[in-house]
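Each chain gets a letter, A, B and C, in the order it is written, and its residues are counted from 1.
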Amino acid sequence: MTSDEMTSGIDTIHQSYLADRRIRRIWKFVILLMTLTFGVWTVDVLNIPIERVLRMFGPLATMVTERLMPPDLYYVMEPLILASILETIEMSVLGVVGGLLIAMPMAWLGAWNVTPNRNFIYPMARAVIVVARAVPTLMWAILLVAIFGFGPFAGTLALLKSTIGFAGKLMAEQVEAIDMERVDAVRATGANEIQVFFYGILPQVKPAWVGISIYSWDSGFRGSTILGFVGAGGMGLYLRAQISVMEYHTAMGLITAVIGLVILSEALSHYLRHKLY
Amino acid sequence: MSDAARVENPLRPGRVILRRYAAYLAATLAVLAMAQQIIVAETDWARMGSAAELLREAAAFLPNLAFMPEVLFPLLETLLMALWGTAMAVALSIPIAYLAAKNISPFYPLAYGFGRGVIVLSRSTHEIIFALLFVSALGLGPLPGILALGCRSVGFMAKTTAEAIENVIPGPIEAIEATGAGPIKVFLFGVVPQVFPIWVGNVIFQLDINLRRASILGLVGAGGIGLMFAEKMQMLEYDKAGSVVLGITAMVIVGEYFSNRIRTRLI
Amino acid sequence: MALLEISQIRKTYATGEVALRGVDISLNGEEVVAVLGLSGSGKSTLLRCINRLVEPDSGTVMLDGVNITKLNKSALRKARRNMGMIFQEFNLVERLTVLENVLSGTLGSSGTLRSIFRAFKPEDVKRGMALCARVGIIDHIRKRADQLSGGQRQRVGIARALMQRPKILLVDEPTSSLDPKIGAEVMDLMSSISKEDGIPMLISVHDVQLAKKYSDRIVGLQNGLKIFDDRTATVDSESLDRIYDMAS
């Protein structure tokens, strides 16, 4: 190749590159314009007056500086509140333990590589997990309260659902990542499906499942703190009551307590996970 | 069992096994005690009535399919709230991630501590609590809902972005520095391309999660389809409440499907 | 006066590791100088002290009459444009295209607004393409850098350094991450570019054969000290062997 040929070759590439860049720029501009139009349209659909957005900072600042601060932590120390906190913890433990007892078999049945039946059991188990994840827990709790009445029983059942969705998915993912040769080795001894599960699958996923279980409790506990909002037991009841009567300092005390407990539960689950591995 | 099998396992002396079983037993008893408290003592079984009655009550929630079209607009509203809430979280998360990334945080450890504090606060407060606070300050509507979503998910966004920044590979950054580029260009060419795909994945993940969150905010007056659910429950139109739940479930499943598809394609 | 004049450079890392114990090197005109030394002898540290990617503890670096070690941040950035660096691990930005990686060599002099939009000047783009053609990667300019082979990546690294129009090339073990055949191709390429464009190179290697084949002069480093400095043509193999024997 002579140097002239090379130069003209570069020229062609350069021209086509610049042309492409021009087209890309036009596209970017069009997309930007469409995004902006879409943004304006959404504000219209949501019916949010702009002047309300502009005027919101004052009230927000007042809320933070005057109404929320300082949190009233003495309120949290009242026996009634402490009892509700205990009830929250109990609910979370029961709901999560129960949920895990259902999630584990669901994870086994809903894992493509080991499911005993791919045409019927697998899709059923998957559907249970997917639906349990998709139905909002708080609404589920409201439905349960309507059926079973106020109290922590409804809350426990709500947590049961969210644990099945949460842990079921993660556990099934773990099962799908196992070493199938070890499973087949157990199967080759003539073991039935249940035995295959206990000797071929469970030993492989046990550490991961333990971690997921602890994680589920952590997440379940977070969820349980607000179930009382809809009458499904626990401390959320008082939080809602305090906010609705505009007792913001006590409400903030409860929120502080929730945050403290959540951080504590996270630390505990972190500790347990590290200790158990 | 043969005698050989009964020989004590040297790796696990009997004492340890015993202690372990004692722990299992204690845990089981504790759970049973809680069950007694929650399920037996605090539940009004008499009020509930027979299983048949319970089933009949539950059946009242079966979705009314004819009502489904009316669910569509509130669902759209919910989706838009999730979009705006995520956008707000994304915008706020960038400066917070900057403060909370150990390797670039200025005035260490002051700004770092602040950034981490915001992250913890955001991640451990339920969206409903944020929504209640914003509704009480600003009144009803989707605006407090959007703010609640933003506050709720800024922590996750900032945390994952900060982690991505902490994990950037230094080599390319050095190479850009060696060309004589200043800090802004080093960030744009050395850091951003490394962090961007992780970041986009997390934005989509948050959008998916915020869709779920947005659907319940209406329960406390913060906009979206939750409001419709609350109204139908109040008017005892259980079949319509069931339709709302069906609509949300469908939307969330579709959202999760797309979120997973896009995220696996990004990697 | 020499183009590059390094004197009494010392560097002790924060970890307490003493990397350089006072090294002098001068490099003039169009030389290719090989810095030869075993792993850990301080080659990379020395090269990085020149453009101050690593801040030397003491000593001076003069490039073309400018005292690099005295410069403040913005003046240092300007001075860095004159020094193209090529890395052992290539250090490309994997998620950018080959062309964008090459063009990032202009970042020292291009406007901030342009860099935000990655909108490089058309004439820079053209020069970048010409460089890509010269190093033999013109067919790959739109690929992402992580899709290239090792040899191709190092060619991108070379083009990026040349994009700066450097007065000198600082090359840190350019072939250690490549297999010998590809490594030789890369060395041939660099050495011909250096000759044609009259750009001097300071190039660190740990392979005696490479040093002998491609350099005009060899500087031996050991434990952070210069232990010899000789023209390649007249270097005696014994002293070369000495470096290796003593350290191994």
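Assume a residue touches a chain if its C-beta (ideal position, glycine included) is under 8 Å from a C-beta of that chain, and two chains touch if they have at least 3 such contacts.
Every value quoted in this text rests on a predicted model; they were computed, and no experiment measured them.
When the C-beta pairs in contact are tallied for A-B and for A-C, the bigger tally goes to A-B. At the far end from subunit A, in terms of centres built from Cα atoms, lies C.
Our note on geometry: subunit A versus subunit C, Cα centroid distance of 50 Å, whole angstroms.
Subunit A and subunit B have Cα centroids lying 4 Å from one another. Per the touch definition, subunit A reaches subunit B in the complex via residues 42, 45-48, 52-53, 56, 59-60, 62-63, 67-68, 87, 90-91, 93-94, 97, 130-131, 133-136, 138-140, 142-143, 146-149, 151-153, 156, 222-223, 225-226, 229-230, 233, 239-240, 243, 246, 248, 255, 258-259, 262-263, 266. Contact residues of subunit B toward subunit A in the complex are 30-31, 34-35, 37-39, 42-44, 47-48, 54, 57-58, 61, 76-77, 80-81, 83-84, 120-121, 124-126, 128-129, 132-134, 136-138, 141-143, 146-147, 212, 215-216, 219-220, 223, 226, 229, 233, 238, 241, 244-245, 248-250, 252-253, 256.
On subunit C, the positions that touch subunit B within their shared complex are 51, 53, 74, 77-81, 83, 85, 87, 89-96, 104-109, 112, 115-116, 157, 160, 164.
The touching residues of subunit B, counted against subunit C in their complex, run 171-172, 174-182, 184-185, 188-190, 193-194, 196-197.
Every residue of subunit A that touches subunit C in the complex is listed here, in rising order: 6-7, 9-11, 13-14, 17-18, 21.
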